[in-house]
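Here come two complexes built around subunit A, the first alongside subunit B, the second alongside subunit C.
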Partner chain A sequence: MNTLKPVLSRTLQLLLVLWAVVTILFLMFRLMPGNPLAAYIDPTFTLEQQEQLIRQFGLDKPLLSQYFTYLGNLLQGELGYSFRYRTPVAERIWLLLPNTLILTFSSLIIAYVFGILAGAWLAWRRGSRAEAVSLPIVLATRAMPEFWLGMVLLAIFSFSLGIFPAGGTRSAGTEYTSLWALYTSADFLSHLALPVLTLAIYSQGLPLLLMRSNMLDVMKEDFVTMAKVKGLSPYTIVIKHGARNALLPVMTSFAISVGYQLQGNVVVESVFSWPGLGRELVSAVSASDYPLAQGAFLMIAVVVIAMNLIADLLYTLLDPRISHA
Partner chain B sequence: MPEASASRGLVGRIFGPLHLPVGDNFAVAGLIIYAVFAFTAIFAPVLAPYDPTEILYSAEYNLASDLMPGEEGHVLGTTSLGRDIFSQILFGARSALLVGLTAAFMVSVIGTIIGLLSGYFGGWVDTVLMRLADVAFGIPFLPFVIVISAFLQPSIWNTVIAMALVLWRDTARVIRSQVLTLRSRGYVEAARVSGSSDMSIIVRHIAPNIVPLSLLYGSIAIGWAILTEASISFLGFGDPDSISWGFMLQDAFASQALSRQAYHWFIPPGIAIILVVSAGFFISRGYENLLFPKLGR
Partner chain C sequence: MNTLLKLASTSLMSAAMLASPALAQDQIRTLHLLSRPQAAQPAEFQAMQLIAQEWRKLGLDVEVDVMPWEQMSDQVWYNRNDWDATAWQMTGRPERSDPDEIIYNLFHSTTAESGYNFIGYANPEYDAVVEKQRVTIDPDARQALVVEAQEILAKDQPNMMLVHPEQAFAFDKTIWDEASVVNQSGIGIRNTWTWLSLAPKADQKDIIVNSADNVISVNPLYISGVTDSWITELVYDRLFRVGPDGLPTEWAAQSHEWRDDTTIAVTLRDDMMWHDGEPVTAEDVKFSYEATTGGEAPMYSPFGKGISGIEIEDGNVVVFSLTNPSASFITSSLAKINLIPKHVWEPILADLATKEENAESYQEEMPIGSGPYKFERWITNEEIVLSANTDHFNAPKAERWILRFVPNAEAALGMLRSGEINFLTDFSGDPQVLIDAAAADGDLEVMSTVDIGFRYIGFNNRRPPFNDPAFRSALSSAVDRRLIVNAAFKGFAVASNSVVSPALEFWHAKAVVDNFQAGADVAKSMLDEAGYTMVDGRLAYPEGVKETLGD
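Let's look at the complex of A and B:
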């Protein structure tokens, strides 16, 4: 198996990247204004709590030894206590992660299905008026601030037409027996609609443009010419011969988009008061809840790096021409 | 690109040496938007009817707040604090221009230098620099800029520096691969064999060939920087002393402009951002066609 070696070396490389990012995070939160204790200890904590945290994070020791304590705690999933919630940061993060992932994946799946179909269609209609009109529009959606698009949709569909709720994940006073019941309820889905639409409109540009340019390349290949010569229908040529081959690179870009989307979520979650990691990061930073801000940042970074790795591996495994010599 | 410049005529001869992508419709539209935008930014104090931060009062000394477009001579109406929206849009061009240009400059300079060193020297220099780029790719961009902007004093410069610290990665990778192909070209080999120093090979033979590519990535970075600054201001971590389009949107959002249907307040800043950012995209597309004509469109 000569594919195993590149997989291992790439994984190792990205573990090093993760370590570097964790170190940068440590330095960022230690070098901020105020005393070093401020990263973990809120003055309103009880004395016992303070002493316990000082011991746990080695806050009375030199910076270097704090750093190793920090790494050790991280490995055990120990992220400290949130100043505002008075609960372990890790608990809070695991609570919010599903909301962020649901938002990210549902919007990206919609964006990719639409982008792939529209991209293939635009490649087929190359040079047409439809292309001349749609390309600038697609480029403009990439140039929009996501939060602004969210604001416009919110003003129209929520405040003006009243079709969708203005924010949050559920109406006040509703209770569900299980998470599954919540996520499949009409109430949850109607809260999900606008943020998903916002992110989907923003994200469809990448798969669309990628699909289109890949299709244009594939359509120049010999086997497509051959299919045309054989007199196959345009549908068979575009879908069976063109799209299948153009699809691979678009699919690998999905993983990159997940990591990227997670960063864009920060603003969109804030617009729609969606209780996810991004909004938590923003409110934690504004409220100087440093342990929680660190935890949210770390979680986002972990997903970004993991998605980079998945994209790399898919690329290696799916395209035999790429070698990691 | 001799064929392209021959057909471009006078405009081509003037702008040819700059590698401006005249001749491509998209790119020309982009350049026009940039020109209007730069003009607005420079002459904002002359063009704007009011001071963008001044709280205005009507003739009867009532606060001139929440006026609709056209009321009492305010082209786009006023904000809830009685500030003129149109003047804010014009002044917003200033901070957008400032953020866009400085960030793009830093990103392309840092990215180009790192890419050059990495591609040209190879070996451990390459390994170290490209691992650094890997790390930059592992940092969540917007969260990083948020944390840095919040911890340091909120100012345009801190936002720009935070962006540059991460965004150089894309430019560096592209420049590096371009340098790798250039390095194996005949004339570079010839220069090396004839005893030219590394420095003179880089300056004379390699740098001129990667400048258009740096400019391309610079023009993309302008858009990124403006969008990022808007997000940062919207989230409330922006420079409190400057009127930017992101600040206007935050002001509108926080003042319940959405539920009051004050479209005249929050639509214009968004349109302004879209125009300027897509202008960068249009220009970079034009460049791509010039640089890589065989890619086609």
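Let's look at the complex of A and C:
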């Protein structure tokens, strides 16, 4: 009972946030200038054909009734029909979401494993020359725009050295019997390498710096001094005593980072021709395919909000000192 | 003190009265020129800035209004009275190899209300000429009429023609035999003929091409996009195809015969099969034409509109009866409408007839055509794979044709060099970059072609001052097109003064372009002659014309 109540109240809060996002999305696309179907109504259409298309998409109804239809449909998991593809938005999103999630999670895991280890090491080597060299480099990678970093990696590893392919998830014309067969193939992994590297370089800075500063705090605590006095090895002190305690905030930042990473995907997927949700979002917005853009935005918002909830709950679970009571 | 003020004000009033004769002429209001944003259309944006600058030299107040395409098309197309001038473009398509679509639809007065004549041009003399060329079957007689139409347009300047852009494509000549590449007039080397004849030099037998745009659908009854039509042209056959010379040539038709001005009999080849193994019959052909005009395929219906009846004779002859004689019928209908299998589409169309959606919303799991390539698979936003139909009467020399979606132009060029693609069919970057990259690489061949399509400014012929041909001509003459070609299109375009591209050599009126005079002095003397004068540093209407649309 004690643990259930905070979970419920957090979930309710987040549902409220979700409703706000949904409403803003609805209004945003409808208040844009121009007839939303203008890009899709061919000039050769007769007036009757145009009206039919407008009816088909429910755009002839008043805004408020459109809004309620939209909310009602959402509750049933119905995201509407894409203007451009004339197919259900949900179908398209489900096709592309796995590619985006693979990219996001593999790059974040690499970034966090590296960041945590390197952060702990840098905290241990505080004041050394290694720290003087590495910190500016880390700060520089945080400041690099992702598309620029992506283009540089493409130019080096793909176009000059020819180690990795430049785009897509597979070589032209290769067929895989299932998603699993694709994701476990060497072909896929070599295509995944550069986009993951780009995102990992971009996102390792946060866990690294966070881990380092937490470690520095932890290392000042009495139990660490005690461990040192006991004559324990540096490995035991840093990893077993220090890192375990410093890790907590880093883990919650992982959950929140998933949201930021999805946003970074928009750019990286375009640079590497990755068939994911981010690229779809860009093309839907530039083609004024409002239902599809709305659906993709919503899906990203849901993932971000869900990860926030997980981060919150994780914190209470991992650190008994913090409670929502 | 008071009297002094009074005196001063009366003298001012009399001064104003003295100047009043000049005020009889109304200054022209601020004119608005619409353009798409620099990020989306850099060449167009640049051209509009340059043109506005030249127009200002004539004493006009010009503002360039920048807006995204959706907003611009909405304004121009659906609010036909509410704008002054707009940048616009027509893209080159194989069926536009016949000049009829452009010279008729863009300027005939009947299409002014809701059709392609959105500029509202109305000239009975012009209407008569383009109507006549439509029904003139003799090519030489028709050519004279098409040239006459271009001359009328040059005199009236309903539009300000700017340029015909050049399109550059590239391929890897270590993989493909250069001699097997076909350069289609006004379309370039990226065309169906190339995909059929392209001969491999070594082990790589897959043609791998790129597109920045996603394919919307693979649907024989829906024109959903430029890239989409690359695929439908390969998967589906047509009775005729527009040949490399821009003229229609028999394809699924074994032979054809005009029985009179409104009746054409087409004999179908007897060696054709659908990709599912069924034979292609005259019934299928008849069905295909009826399907396009049956109301379920709005975008194709204009191409079958002139047909009044279809009969089958002797099992394999399809006889089309037309409501009126039509010189462009072969190009615009027979070379346009896809042949579709009756056994696949009849039940689909019957089902759609009961629903609000039409055939344009329908995507087959596995599109079945009879064309030189078979549909294999489509991986969303990644690639579309077609394989050679070796049983086809014009079977391709390559094994597969693979389209990869690459949104990033620099990456596409890099992929061409690394071999991930081997035929660059879409490059939105600077053409000079492509040429330099090819020179550095050594394995690549770049070919550029003048487009059938063109860029222009549409004047709103309904609104003063654009309702005056003299004013339009002066504005058009104010701009040296070489400036537009070099500064906006970086040299990859040719100057234009006619809607019929020089790529369509037979129909193009060369003299109309050659005789075009441009320069600020030419424009000023034209305005002078037509009675426009300067009032307080701004251009004013001729005497008697009032500004009714001022802000």
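Observations on the structure shown:
To be clear about the criterion, the second predicted complex is superposed on the first by the 296 of 325 C-alpha atoms of A that agree within 3 Å, B and C clash if a C-alpha of one lies under 4 Å from a C-alpha of the other, contacts with A are read in each partner's own complex, and residues count from 1 in each chain.
The definition used in the following text is that a contact is a pair of C-beta atoms (placed from the backbone, for glycine too) under 8 Å apart; a residue touches a chain by one contact, two chains touch by 3 or more.
Keep in mind it's a predicted model, so treat the numbers as computed, not measured.
In the superposed model, A:F68 lies in contact with neither subunit B nor subunit C. In the superposed pair of complexes, A:F223 makes contact with neither subunit B nor subunit C.
Touch criterion met: A:V271 reaches subunit B and subunit C at once.
Touch criterion met: A:Y85 reaches subunit C, while subunit B stays clear of it. When the two structures are aligned on the shared chain, A:E280 is found in touch with subunit C, with no touch to subunit B.
Applying the stated contact rule after C-alpha superposition, one finds that A:A155 touches each of subunit B and subunit C.
Note: residues 32-33, 151, 154-155, 158-159, 166, 270-271, 282 of subunit A belong to the subunit B contact set and to the subunit C contact set alike, using the contact criterion stated above.
Per the touch definition, subunit A reaches subunit B in the complex via residues 13-14, 16-18, 20-21, 24, 28, 31-33, 136, 139-140, 142-149, 151-152, 154-155, 158-160, 166, 213, 216, 259, 262-264, 266-267, 270-271, 278, 281-282, 285-286, 293, 296-297, 300-301, 304-305, 308.
Within the complex formed with subunit C, the subunit A residues making contact are 32-36, 38-39, 42-47, 49, 52, 55-56, 84-87, 92, 95-96, 151, 154-155, 158-159, 162, 165-173, 175, 270-273, 275-276, 279-280, 282-283, 288.
The touching residues of subunit C, when paired with subunit A in their complex, are 67-71, 73-75, 77-78, 114-116, 118, 206, 208, 213-214, 216-217, 223, 298-299, 302, 356-357, 360-361, 363, 377, 379-383, 385, 400, 402, 404-408, 410-411, 414-415, 417-418, 420-421. Contact residues of subunit B toward subunit A in the complex are 26, 131, 134-135, 137-144, 146-148, 150-151, 223, 227, 230-231, 234-237, 246, 249, 252-253, 258-259, 261, 263, 266-267, 269-270, 273-274, 277-278, 280-282, 285, 295-296.
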